[in-house]
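So the structure is just underneath, and the comments pick up after that.
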């Protein structure tokens, strides 16, 4: 179910440079949301109109947690929110990761970590191994990963922590050593998702990707977030906000 | 001289319902500004573009004081400013009251009090009597008037303090008892200024009015604040921001 | 409570002046969990074409200052699937159902209408004439008075339903289009459709929507809509439905004063799902305060 | 420092692409205490007519969402007083002086130009064709390609100076106007002038500007300007000067990418007297970061 409501910020704190954790009460959905789903945040004022979508990074009782990065005007405003600030939110939106009963590999690039934190917490309850590949620009850009269950492998672009290089290369190097069957769940920048998509086709592993597209509504009514489907004859058009944001790699054509 | 500069709020406090006193450093102009002049405040964001003009209500060393009323979106934002807030201002703009060497009568309607507070402080230094007529909706809408020199007469629309009725009627009733010659300096809503203008024509007294018009620039370059001149042949067009905001009643046609 | 009824013709009466704008509310039943569609006076559907249309490639939306660009490209399921999937919901809707119709040539418009004409639950057609006319070298139907006039005439011969022509503002003189529509039998005019707009990303150097130039909507275009309505209102006798940048109740009053008998809410459905209820609240308060008993006392009452 | 020179013709080279937009910077010398006019590549004056014009009655400006409406009505001192009062300042100005010229009929344009032609300090004329043509029943010169073409031809015969035609966006197809101007000898095009807009005060029911419909400018119209420039750039061979809603350096880059060889800053002069210096700063940083050595590498380089 989707709810549009006014609530208040319970907590909003900087986790590392430009990355913040926001918590607010949203009891209508906190019991039913699933990893992969997102919420919209609405802003007053008429200059930037679109609501901003954010993945759910975790739940705690009635609280919803969002992990966000300051990248532009509205996330800048969010970063200044204090506890008690009134906010308008709508959720839960979108589909969810399809949790498979087998070993899980989570691959996060940058702030793409957000939905995987929530997924990791859910996977913990299953009795299968979890491996987390966490990519970041630098060692000081790794928010909250130490709370994750399973084995965690870090990759940083500047080599300041863990593997030096991008997280897909890091994963590729370990790929053969990961016992099959396994499912990969990934979220991150487009280039990373494309690289993984090609890797999955080559190495034939199960892959689910959480995509980002500019959204005007998040509700399936504007048709703005449409992406082509890998088999256009079956599904001429998929909406990231409604049919996604999580897609199975074989639904997509990212080459 | 006009200066465009960034400065910081030194003080911003509520004086009475919806009326605030703002103080900021503006040493470039604080020694030279004259009563009647105003400053522009600039706001970031692209929704409401025009800078907002405010009369100088007083100076104190390097500080400029503004008395403003919360009436819309940007004055609402101003009312939330804390000490230390960065603001952009431009001033001093406009002409000034032409101070006459004779008895002074100041007539303020509502927030029109602002420039008259500054004028009153200047007139104090002359050795002529001052009478202040202060009009407000209600007794709790009378900011700072008790700091004024001279005799003060209050008029409130609801009769909760002083004369019950509008300030022009109040002044009219006392008119004959004020010893001539005297000069009237007034600021307030359009209807009040029109009533005074007619009164001045009838009773032949010297009157200067500080006008308000929507301004896009305040600098004389947009021509948006133009008003017709009483003698269009001489002065086809007057700009409130540049030729005003203070006009001699006989330059105007307010009937 | 003020009486919000608004009469566009003897038979075409809306319970309130708020309609959804085509393409911004799906087919009407997509967000019933969030917004009760019965709050609206009526629903205008997405543009329906004869066959399904995928629309344009992504990116097809972009945010610009106080507005958005779209190049959705009239993506829709086509008239057959529309009837198959949406009839049940729309036939039970208690407000007015207005089906927006689009075509690439006259024939397509007529064929769509023929497939819809028997449905009693459809009260009106709104004809989108902003689509490039393939037979006329791509000039939009709405940009040439002769082409428009002929289309309206043919549609008029085809239907007894209330016929609304939705005009584009991208013309030298909208009054000429309005008069051509009126003369040929239109019952009402909707204005405005989106304005031509574009934006370029200065980092990638790519246009922000794939078609480069798209439709500009949202608060930024409101002054354009008001100007076009004021101009048209003085020239025509048929009612005007106002559209363009409405985001709150004050905007709706402004459109009514300018001469609109009803209004459509477009982009605002995206950035404020509560917009309809907020507008109804505002209108009620405004009318109480100003002692206005019926909308008739507002429509066209701007002192221009 | 990036080389900011921009060449509009063999002889017409601006030291940087920033010009003031007509009507938003007076005659050039009004705010020299606040903004050094030498920061601009050139000054475009207020529209100059043969005789002084008072302009329209108040109110003649209004704020709208992300923009403004104006009905200044081309208030100006007339060509004689312009020369008498402003020549000294403008003759010493080291950037380019572009005099914007307006008339109510062809003859007025020609007469104004004849009075200016001998002045060496005037590098170019910008012809404002948005004014209603009194001889042609009030259709603006810029809304009819034939009327426009004839005007341009006559002006071309009258002057050897750089001749810029400033087009209005309030037409069905701006390319037709652009081609008419080019064919008849225009050296460059400025686009866009203001968009028709209006707003009504819902409390007083009065239009917010006295002429009811006025000129809409500011950030809200930027997507319209970009669309018109992109369209025109593909059709014409003469340079385009971009105008409309520029408020910062990123906007200027966007106009250059769309095809403008220079730009004009209008409404932004009102809401940000520091706009010119901020833009120059931004362009410098942007070009350094992107390793762009000259503006030529940006102009028209949008990947459309």
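Every chain is named by a letter (A, B, C and D) in the order it is written, and numbering of its residues begins at 1.
Simple rule for what comes next: a contact is a pair of C-beta atoms (placed from the backbone, for glycine too) under 8 Å apart; a residue touches a chain by one contact, two chains touch by 3 or more.
Bear in mind that the values here come from a model prediction, so they are computed numbers and not experimental data.
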Pair with more cross-chain C-beta pairs in contact, given A-C and B-C: A-C
Chain separated most widely from chain D, comparing mean CA positions: A
Distance from the mean Cα position of chain D to that of chain B, given in whole angstrom: 36
Centroid spacing, where centroids are CA-atom means, of chain C and chain D in whole angstrom: 34
Centre-to-centre distance between chain C and chain B (centres being mean Cα positions), rounded to whole Å: 47
Contacts with 2+ other chains: residues of chain D: 65-67, 219
Where chain A touches two or more other chains, by residue: 46-47
Touch-based graph of the chains, sorted into line, ring, star, complete or other: complete
Of chain D, residues touching chain C in the complex: 64-67, 69, 143, 170-173, 195-200, 202, 204-207, 212-213, 216, 219-224, 226-228, 230-231, 245, 250, 253-254, 257-258, 286, 301-304
Residue ranges of chain A touching chain C (in the complex, touch as defined): 1-4, 42, 46-51, 90, 213-217, 219-228, 232, 236-237
Residue ranges of chain A touching chain D (in the complex, touch as defined): 46-47
Chain A-facing residues of chain D, complex: 65-66
Residues of chain C touching chain A in the complex: 23-26, 30-31, 33-34, 52, 54-55, 57-63, 65-68, 70, 72, 75, 218-219, 247, 267, 269-274
